[in-house]
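Structure provided below as structure tokens; questions to follow.
Letters A, B, C and D name the chains as they come in the text, with residue numbers starting at 1 for each one.
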Amino acid sequence: MSETALMGESRQKLLLDLVGVRKTFDGFNAVERIDLSVMEGEFFTIVGPSGSGKTTLLRMLAGMDQPSDGAIYLRGESLNDMPANKRPTCLVFQSLALFPHMTVGQNIEFALKMRKIAPAARKARALELMRVVRLPETYYSKNVMKCSGGEKQRVALARAFAYDPEILLFDEPLSALDYKLRKTLEKELKDLHRETGKTFIYITHSLEEAMVMSDRIGVMRDGRLVQVGTPEEIYTKPSDKFVSEFMGEVNIVQVRPDGAGRYRSEDLAGSFTVNAPPSTDGYVVIRPEFLRFLASPSDADNHLTGRVHNEYSLGSRVQYQVRVGERMFLVEQPRRQSFGGGDVTIGWDAADAIFVAE
Amino acid sequence: MKIHALQIQDAAISGTAKKSRGPFLTPGARCALPVIVLLLLGFAAPLTAVIAYSFAEPHSFNVFSSFTFANYAEIFNTENTVWMSFLWSLSLAAVTVLILSVIAYPIAYGMVYVFGRWSGLVSILFVFPLFISENVRLYGWVLFFIKNGVFDGTLNLLGGSDAPEVLYSPGIILFGMIYTYLPYMLFPLVLGLSLLPRDVVDAAKDLGASRYQVWREIELPLAMPGFMIGLLLTFVLAVGAIAESKVLGGQSVIVLTHDIEVSFTYAQNWPLGSALAVLITLITGGLTLFMLFKLDLDRVLGRK
Amino acid sequence: MVEFSRRTVLQMLGAGGAMAAASTGFARNAFAAGRDKEMNILCWEGYNSAQVLDPFRTEFGATVKAESLTNDPTMVNRLRAGETKVWDLINLNNPWARKLMWPEKLIKPLDQEVFQPYFAKMLPEFKAPFHWAMSDDGKDLLGMAQRFGPYSFVVNTDKVSRKMAEDEGWDLFNDKAIVGRYGVQESDDWNVFDMFLVAGIDPFKVHSEAEMATFLATAKRIYKGAKLIGDMASLNQALISGEIDLYLTGGTYSVSPARADGYPNLRGITPLRGPMNGKGGVMWIEVTSTVNNPNLSPLAPKFLQYVQRPEVAHTVAFAEGTFNPVSQMGNPECFKLFTKDELEAIQWDSLSEEMARSVAYDIVPDYEKALDLLNAAKRERG
Amino acid sequence: MNQEQAALRTRTLLWVWTIFVIVVVYLPVVCSALASLTKSRYFLFPIRKWSFDWWDKTMASIEVSTLVKTSLMLAGSVTVLATLIGFFGALAFARYNWKGRSLFQKVVLLPIFFPQPVLGLALLLWFNALGLPLSWHTAVIAHLVWIAPVVTLVIAIQVYGFDPVVEEAAFDLGASRLQVMKEVTLPMLWPGIWSGMLFAFLLSWGNFPLSLYTSGADSTVPKWLFTKMIAGYTPMVPTLGTMSTLGAALVLSIGGVAVILARRRSN
């Protein structure tokens, strides 16, 4: 599947190639036969729920775990035998893994010290990197454990940059931060990516985060890569129910073809039209923002009748829960609307719904 | 800030529960009281008694009723060779500590990182000998190493060659001390190494550090509190060791505790023995206090 | 994990309380009450053995505790330090009773009417006037005699013949050929005697500085050349294993268990001649005295009578750790209990001649100084 | 696969080394057991005549049963008292934040970091100065001085993992201070308390240097072993030593199971 995604970007150079990579822990397959290619300079994000194997995959890239099977190639050369301290990759840990007994400066200079670079040169480079990650120079000799969460994050970044890796690996580095700080740092990371031109491989369980920053996204489930594509592709063409559900709150209706080009659901009255459907059982996925309240049933390709159950303000939008029979549908509107106690009709166009297989 | 909050909370609990009693002691101090009383009566007072005895007339029991520096004068008399015992005890202890750290480090490392669910069993196997009287175990070594003992006998059975003679030498005393004090080095080391987050080691490797560099720059400094406790504990206990020299070593060297013992037995001179005990206490106690005040015990024990 | 009776818990709580109350004298009374079923013995190895004590325990329904220490000065010092409150009987080499414990009021005299008759049945050497069991003024009986024996050195006669050892005597240890082949027992009061004897000096007199210097030089040499310094058990084990061929300070007391175990080639040696008015050996006679305990157990004199019984005396002689002749062997009823092997173990064949060649254990006048030198000599081993 | 091999080699080396050291640790214990099974008094290997004589004699001896009783009473009393003292000590060590805490933590550790023969002698002098007759009661105090701090430490490690907020919640729900202790604090700390008891019992059971100077006429198993070892050695010494080791192993396994059960229940 990655082949198709590659076609459009064939001008870029292939950097990393994973072929049939598998990792087994005590008989349990943490990662199952993954094939994936990452381009030079790309910001590639792997998204998946916890336990989907994404951290294991990342640790194999970093050289901390060895694949049980398959190979990882960097520009065509196998990385399998190369230990972590020799690989041109650098991992930014979820825990950040800062060295608690060192100052900010010592943390950043660590990789340089390991290469036996002279102290003066080390310090110059550290200060330069501190500017890049927007840390004040005065922090140079500060105890790293006395820094705030965001500052620690920047130290970890600078430390990774100091290693000057070709590929930076990120293991959910922002997950412990508060919402506002996370948003700021997401943008900064994106900027840093552009400024440095390095390849970033980033893992997160937040699709939102992935959307903001990534060139391409891979979705993982139970050790498999289920879909790889641009944020746009993932968003608009999820490959299956899992991917579409993972993308956030969506309305999903299980359907089967009724033989007349339309689809029927067991627990809902009426039938639906879908653009370009295969003739199998599956699901119709409708995003809340594509559902709307209809003045008359004919205002949209498909419609349902129900009652408003609840409404929530999302700040910029308003979300309504509409009960249709036993089912609850989510409808999002830019503005608040008031309804009497009576029935409402909701509907959507065939072009806004996606059909996915099981 | 956290501490402040806890104090308030304690105050709240005690305040509501024991309003009538008033804030005589905080709950913490109240809980500490039994230990403190025990240590005052069973540790501080005996040490005072030793100090008092060390200033009593030589060969007498006139404690608290006579005062003289004669015992210390005797020890520091240039003709007295008791310094040799000090030297032996301290250097044997120092070498024991050095060798023990080399022996115990890989085991501790294995217990923390490699042995997984087996490390529980491994630690029980290492704790257990602490509960067997030291004399029995050391005598077991005599039976092993002596001529026609287990080692020699087995070699004779197998190939007819004699086992090397190792008993009754300073080397075997050292061996005995290493043997006896192994758990006291091992467990603090395990504690120390488990203070060290796995991620931090991985990060260092990832940043290009070789195995040795990881050990020197990360593992060692971060495991240092546990390491220090182990060093201190084994050193202090080894300075007080006596059975190894007597049972295994054939007294090939005379250790300090032996001199103290002779003062209390053959020499009938409790005051002199006390003066020696005071000196050994000064050394070990000083070292202990110095180290303990450098350590953050909450971090080491609480793994916070 | 342990079964506790309520009483035990109370007792042990009492221990905590007692500590606080000790200075008020409460403890003294608490511990003093009702001692007619308990008795404590501070003794040389032998009296503390199960064979001797268990029948006594059964017969008298008594709780008997015994602690064995392997030297006299320590035991005396324990009493001097205030343990007269703890012990009922103390068993030591005789001069300590006469010369130290009696003058210092650490022991009580025995009822002569009860105990005098026992001496009549003892071996000839122990019959009246038995001055070593009496106070110096001859008025008080300070203890009962039982075990005795010559105590100089022990050799493996397969390596050093008995004749040569007796003939050369202490000079054996002046021979460079035995360096590294001998051990020294950790028994410092006896070692003081022996170092003097090896140096050719009578230990039991006041010594000149020159003699002390010779003593030190000898002690240094002997310790330097010793393969090991150890306790009796280690030395016997080393002798049997072949680590050493002889050891200093030893005799029937120390070597008899090995002889009884099938090593008749090991033998206590008493030199034919030496610097003590021509005598070369040292021997010991134990005296067991009642401690000047403010609350002496009534069992203490009973025990002293108990061990005079022929069969018990025989048991004392062959208690589990060390085998020794006993004075009660003068009584035919007792003597007939000894088997040929047992007599062989205690070197009965040569016992009287060895005793005749020996002087009695005594307190060295300048013991403290000699002991300091001895310890200095030991330190130079390392 | 090179790296994998290197990791495997490290693991193997660590295991080999650890097992080697464990074997060395138990070697003399085995030698001791061998010496108890020989008929003769002195040990020569290979053993010429095997026999259980010394085991029979040891079992039959009133002497030995007295020793065992004394050792049990001593260890039992030490266990109860040390656990009581150590439990509260551990709360003061790790649970409460109070003014003297940091100092307290250090002071508690001092007896552990102290040469035991010297501590035993110091206590002897002190009891002597008080005029206190020595018996196993005084040995209880001596053992406590060393063991109560150990127990404090063992329980404190459990207390560190205990969130005091739970106590607060119970208090808030109307429990009295005593009820909080009984219903919340104690059950949550059980595994630590059990381990503490186990340590207390076994350390007291095996202790020699403190008993030597402070138990007076009451001989404990290790003290008897020592006196018999230096004079009056018979294979009863290794026999009783081996029995004592087996006894400790039994207590440890029973106690260990109890600790595991307590831990499982508290989880």
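As a working rule, a residue touches a chain if its C-beta (ideal position, glycine included) is under 8 Å from a C-beta of that chain, and two chains touch if they have at least 3 such contacts.
Computed from a predicted structure; not experimentally measured.
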Centroid comparison with subunit D (C-alpha atoms), farthest chain: A
B-D compared against A-B, more contacting pairs: B-D
Subunit B-subunit D separation of Cα centroids, rounded to whole Å: 16
Chain centre separation in whole Å, for subunit B relative to subunit A (CA means): 54
Cα-centroid distance, subunit B relative to subunit C, in whole angstrom: 36
Distance from subunit D to subunit A - Cα centre to Cα centre, in angstrom: 55
Multi-chain contact sites of subunit B, meaning residues that touch two or more partners: 41, 61, 146, 148-149, 247, 264, 270
Multi-chain contact sites of subunit C, meaning residues that touch two or more partners: 19, 69, 81-82, 186, 231, 234, 237, 240-241
Residues within subunit A bordering two or more other chains: 63, 83
Parts of subunit A lying in touch with subunit B, wherever the complex brings them together: 62-64, 83-87, 89-91, 93-95, 97-101, 110-111, 113-115, 159-160, 162-163
Complex contacts: residues of subunit C adjacent to subunit D: 1-2, 4, 8-9, 11-12, 14-16, 18-19, 22-23, 27-28, 31, 40-42, 44-46, 48-50, 53-54, 57-58, 63, 65-70, 81-83, 85-87, 186, 231-234, 236-237, 240-241, 257-258, 260-263, 319-322
Touching residues (chain side subunit D, partner subunit C) in the complex: 40-44, 61-64, 66, 72-73, 75-77, 79-81, 128, 130-135, 137-138, 140-141, 197-198, 201, 216-219, 227-234, 236, 251, 254-255
Subunit B - residues contacting subunit D, complex: 3, 6-7, 9-10, 13, 16-18, 26-36, 38-39, 41-43, 45-50, 52-53, 61, 63-64, 103, 106-107, 109-111, 114-115, 122, 124-126, 128-141, 143-144, 146, 148-150, 152-154, 157, 179, 182, 232-233, 236-237, 239-242, 247, 257, 260-261, 264, 270, 273-274, 277, 280-281, 284-285, 288-289, 292-293, 297-298, 301-304
In the complex, subunit B residues that touch subunit A: 197, 199-200, 202-210, 213, 217-218, 221-222
